[in-house]
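Two complexes, one shared chain (chain A), two partners (chain B, chain C).
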Partner chain A sequence: MTTYANDTLVGTDCLICGARNLSGASLCGQCSAPLAIVHDIAAQDRDPQIVSIIGESNVGKTVYLGFLLDMLTQRAGDYEAIPKGAYSIDLPQTVISHMAQRSFPPKTPMEANEWYWAYYQICQRKPKPKWIDLIMPDMAGESLAAEVASPNTFKVIRNLLRLSAGSMLLVDAALAANGATQGDFFAVKMLSYIDSMHAAKRDERIECPIAVVLCKADFCPECFDDPRRFVRANLNRLWNLCESRFANVEFFSCSVVGSLGYATSPQEDYVVPIPLHTGLQGVLEPFQWIVDQF
Partner chain B sequence: MVLKLLGFKQAERAKPKAVAPAKAGRPTPKARPTPVYEPAEHIVLEEDPVQRHMQLERFGSVVRHRERWKDHPLIEAAFQAAVEEIDRTFAIVPEGFVSLAMTTTDFPGAAEEDVETEPFLLARCCVTNRQYQLFVDSGGYADLDLWPADVWPHLINFKDQTEQPGPRFWRDGVHDQRLADHPVVGICYYEAAAFAHWAGYRLPTGAEWQMAASWRIRSSAHVLRRYPWGDALDTSRCNIWASNVGGTTPVDAYPTGAAPNGALQLIGNVWEWADSDYFVTDDSGRMVVGDMLLKEIRGGAYDTYFPAQATSCFRTGLPSLARVHNVGFRCVVDLSNTSPAPAEGDRK
Partner chain C sequence: MDRRSVLMQAAVLGSRPRAASPLPGQRMVSRSAGQQKAAAPSIPPMGGVRCDQAVFTSIRSPMGEGYRLVAASPGLQAEEKNEITRRSPSHGSLCDESQSATGLLSYRLASGRQVVACCTPAGQEHTGRGGCRVYTHLAILTQDDYLAFYSNPILVHAALALVIERTGPCLSPPPRLDPMFLAPVREPAAFPRPCVQTTWLWAMVSQLLTDNRMTILTGLADWRTWLGWLWFMLPRDVRASVDVSVGLKYAPARGMRLVVMPDQSAPGRALPIGKDVVLHDALCPPPEPLPVCEPWLRLLHRWWQEHRYAELVRLTSDIGAPADPVALSRLAALCEDLDRARTGDSAVREALVRRYTHFAAQVSGENHLAEQILAACEK
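Presenting the complex of A and B:
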């Protein structure tokens, strides 16, 4: 058992990067992870698992994670979820309060010290009660892109992905259905990054569970009919890499917004997307699958 | 003080790479089991037009066409039976007025439009899969008179899972018989309107729907209901996300959630198409538009997360051609249509 310290004498070791921080620091000086998580974990008796939500900018990571956490705290799917620390509630609160007022939450800043982190104790009550501690940070898409393009730009991302017990890779199904290849390439870059990090040989495959989540599937309901077929047809690069390098991949479709409108003005040359109403589909399933893999 | 924390960090870092030897060949990720489908049976249509109308439950149409069939020996009996059936399955909504929210947020003082509504008959329940099957089996999708001309090019897209004409989630042109009494979903606004026209009814306007749900009858009290049963949310009276059902229920479920006139499930289970375009502005006065024409939908559905979006006054819109899993419809009858007068506006 490793010994960590957070007192006035020796300071606090970061859970994510291991750097020693000055006492009283709230964020890790090395990777900007909140040190409050270290203190909260100290009081528990279980090793936490990290689940990473990854995907390109504007794919919907913040909204997805916010709804997922809020659903869990409302005991969806027979889960019981206990947020540890007020900081864990900030993300669902922000997402829910914005979406209830028919607006999307603000974009996650690139700076890691402004990300939301969530530390939850979650009980899967069936078939028999099983508690797990989960850490789920809300990483910015631009930061992920920067780290993938130039490794170690964001050390926190590298460390998080290395420590992750599972990842949810969000891909914009609406763009993919329209023939855009951007999402396909970004997803391949992300998985390639994870692949490189594991330094697995060509004849080995990575076992870390990856849930590929087709977001905004309300735009192309075919996703819900057969997400696997959709990925194969519309995200073929991603499909092939999953087959070649990852042993534990599953595909899901998800939708949070029931209908999307756009606020427009002749005087302005941009439109503001407005979530007219919510309609949750497939939010919990990827999480359930990931947890089942632990 | 030194805190003894977990062995998590170092143990994870020291852990061997989470990799496995690749198996021979390319393993295809496992396929999910195909859901079981229990197809309903097609019906055999009656030869006689009046009997066929009754068989297809086109009661509104029978009432409308009474004059046309005045020499038919069965028309009077059919007319009486149709009126009785309308009386049994529809409920009156008295005249009243509603205030339609004209912005996306309902902050105090936000723009509203007051609309007066005439009395009408509202179906007590949404149209079921079994009822919609009658429309499909009678060739409703091939009868161009039921569809606006500008929708004709889209008719080829109104197919089920097996490319047969019908709602999106059906197969081989029939519904799953286990869902016979559930609301039909996977139909766009035009399919809902075509069914209503075929049956001799029409869709409610957004104002009429709101009147039925909020029950804002003309009185000195000016009482407005947030829900058909009262002002407080009660998840035992409706099927929304918080009710923890996770799918549609039969259209006659939740009797305690009925409106004063007995109309069921105005809140929850499925959104309902309304015969109104959805025009609103945002807080800044900017017009809100969709990818295509937005038609109004009302009432919330089983997957509506925010209770505030499943109330009698909440307005939202959906592209008119959207065929989604959580939108159905119910019909209305104008009170004048239950009289023996011929229907002049009938397109057939």
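Presenting the complex of A and C:
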């Protein structure tokens, strides 16, 4: 059991970077992680597990995580989820309220103090009750890209990935199905970063569970039938790297938007996507798989 | 800041913006991507200061999407790029998202070079997820080149805004962004003076000289002229060491010493709470300056009231290290004596000659002032 200092006189040690912070500080002065998590964890008897949601900018990390947390809170599947602290509700609330108004939630800023963090106590009821404390930050895709391109640019990301018990790598299936290689390259960069961080020997494969989630799969329904086949065909670089270096990878497809409209006006040179209704498919399965690996 | 102030600043900088053209921010967003002028290097004006430039914004390109350094001069080092990426503003960072809003960012890089950035809204965020796109154009200067602007970020910001107005935002970046030329300052004392909240100037000089804590200042009515003069009040050595952001939400990752949020707008989701941060509201009376700063502030205040702006800028710009309150108090005493030498009777002058004939300087600039006192006494 790791202990985290929670002494208002001497300050609080950050869960992510270990930096000592002044008493009363709400965010870590070093990495901007919320210190409320440390206070909440101190009352528990379990070590928390961090699950990272990673993927490039505009892939849908915020929407996915928001719906996932909302489903867990609504006891989807065999789960019971208890959010710890109001900050854990901010993300699902933002996502659900924006989608109810037929708009996507705003872009996540690169500034780590503006990220949403969620700390949930989750109980998997079957086959036998199992409690897990999960911390899931909603990181900005641009910050991930900057860190991957130049390690230690955003130390909070490096620390988070180092501490992660599992990761969900989101890839835009719609773009991949259209032949775009950008998502494939980004995913390879991301996994290569994780690979180098674990610094495993050439013949050793990394055990950390990675769920590759094909997002926006409503654009290419065929990837629901066989995600592995879809990845092998459309994201071949990613497939090969997973096969070579990662021992614990699974592939999933997911979609949260039932139908999408596009709005523009003659005066504007951009198009706004309008989510007309939500149709959740495959949101819970990657999470279920990750939890099963713990 | 109104349009008149922009024109006045431009006049000080020796460059004349077209009278009919709107403010930089308005101009940029009204121009569609196809109409943007290429971000070619600006034509070097006579005596222009050459500096590297970079653009940090959100565009979609084959190499990725979202906020990143989309273009940079070849002179930028990899470490400098990383630091700029870490400290630049991204989505939703502007306190005011109206099309005429402008933010400023100024900091010294670990490499020693100075970054001064102009942050403006540039149309809608390109993925259509709401909010404006934050466009940040950065000038990267050596400390020697920064001296051409009296190490004053407001002067660089004004020169940079003129360049952006002329070239438009760089939303279709060329493969290589050549260094740019910024018009240097001709007559800093002619910089427009703030007419409100001047009492806060002395309070903030005291704060920046004596307190290393991060300071957040809200409620400034006219930040450009106010901050321009705050910097002129600071000794040269202190100016480049104070990292400042204006019009941007607070973010610890930016590592600013002074965060100015002009209109008391939302300071971000979580303001830091703790003993290492000072929060000031310029709409309230300023705190009393520390006694250790009083001689220096008394001098600045008197010269300000006597409209001796050029002398004031010259004095502060000549002060190198150390520039602590004790050293400044010594300099203030010499300045008071210089004034006495100019206006006093023969008895006063004789006393001053006796005091300064074998004067032993302890602080840089003291010798020069002592010589001036003796010269004034001889006259």
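Here, the second predicted complex is superposed on the first by the 289 of 294 C-alpha atoms of A that agree within 3 Å, B and C clash if a C-alpha of one lies under 4 Å from a C-alpha of the other, contacts with A are read in each partner's own complex, and residues count from 1 in each chain.
Methods note: contacts are C-beta pairs under 8 Å (C-beta built on N, C-alpha and C of every residue); 3 or more make two chains touch, one makes a residue touch a chain.
Note that the structure is predicted; figures quoted are calculated from it, not measured.
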Superposition on chain A - do chain B and chain C clash or fit: fit
Touching partner for A:247 - first (chain B), second (chain C), both, neither: first
Which superposed partner A:42 touches (first chain B, second chain C, both, neither): first
Touched partner set for A:67, first chain B, second chain C, both or neither: first
Touched partner set for A:272, first chain B, second chain C, both or neither: both
First, second, both or neither for A:221, with chain B first and chain C second: first
Contacts of A:292 with chain B and chain C, given as first, second, both or neither: neither
Angular separation of chain B and chain C about chain A, which is computed from CA centres of the superposed model and rounded to the nearest 10 °: 120
Touched partner set for A:146, first chain B, second chain C, both or neither: second
Greater residue coverage of chain A in the superposed arrangement, chain B or chain C: B
Per-pair minimum CA distance [chain C against chain B, superposed on A] in Å: 13
Touching both chain C and chain B, counted on chain A across the two superposed complexes: 268, 272
In the complex, chain A residues that touch chain C: 21-27, 29, 32, 34, 56-58, 103-114, 140-142, 145-146, 150, 152-154, 182, 186, 268-273
Touching residues on chain C, where the partner in the complex is chain A: 32-33, 58, 62, 64-68, 78, 81-82, 85-86, 88-93, 123-131, 249-254, 268-270, 272-276
Contact set on chain A toward chain B in their complex: 1-7, 9-10, 13, 15, 18, 38-39, 41-42, 46-48, 67, 74, 76, 99-102, 162-163, 198-208, 218, 221, 224-225, 228, 242-244, 247, 249-251, 258-265, 268, 272, 274, 276-281
Residue ranges of chain B in contact with chain A within the complex: 1-13, 17-22, 26-29, 31-32, 104-105, 161, 168, 241-242, 244, 271, 280-282, 284, 286-291, 294, 297, 300-301, 303-306, 308-309, 314, 316-319, 322-326
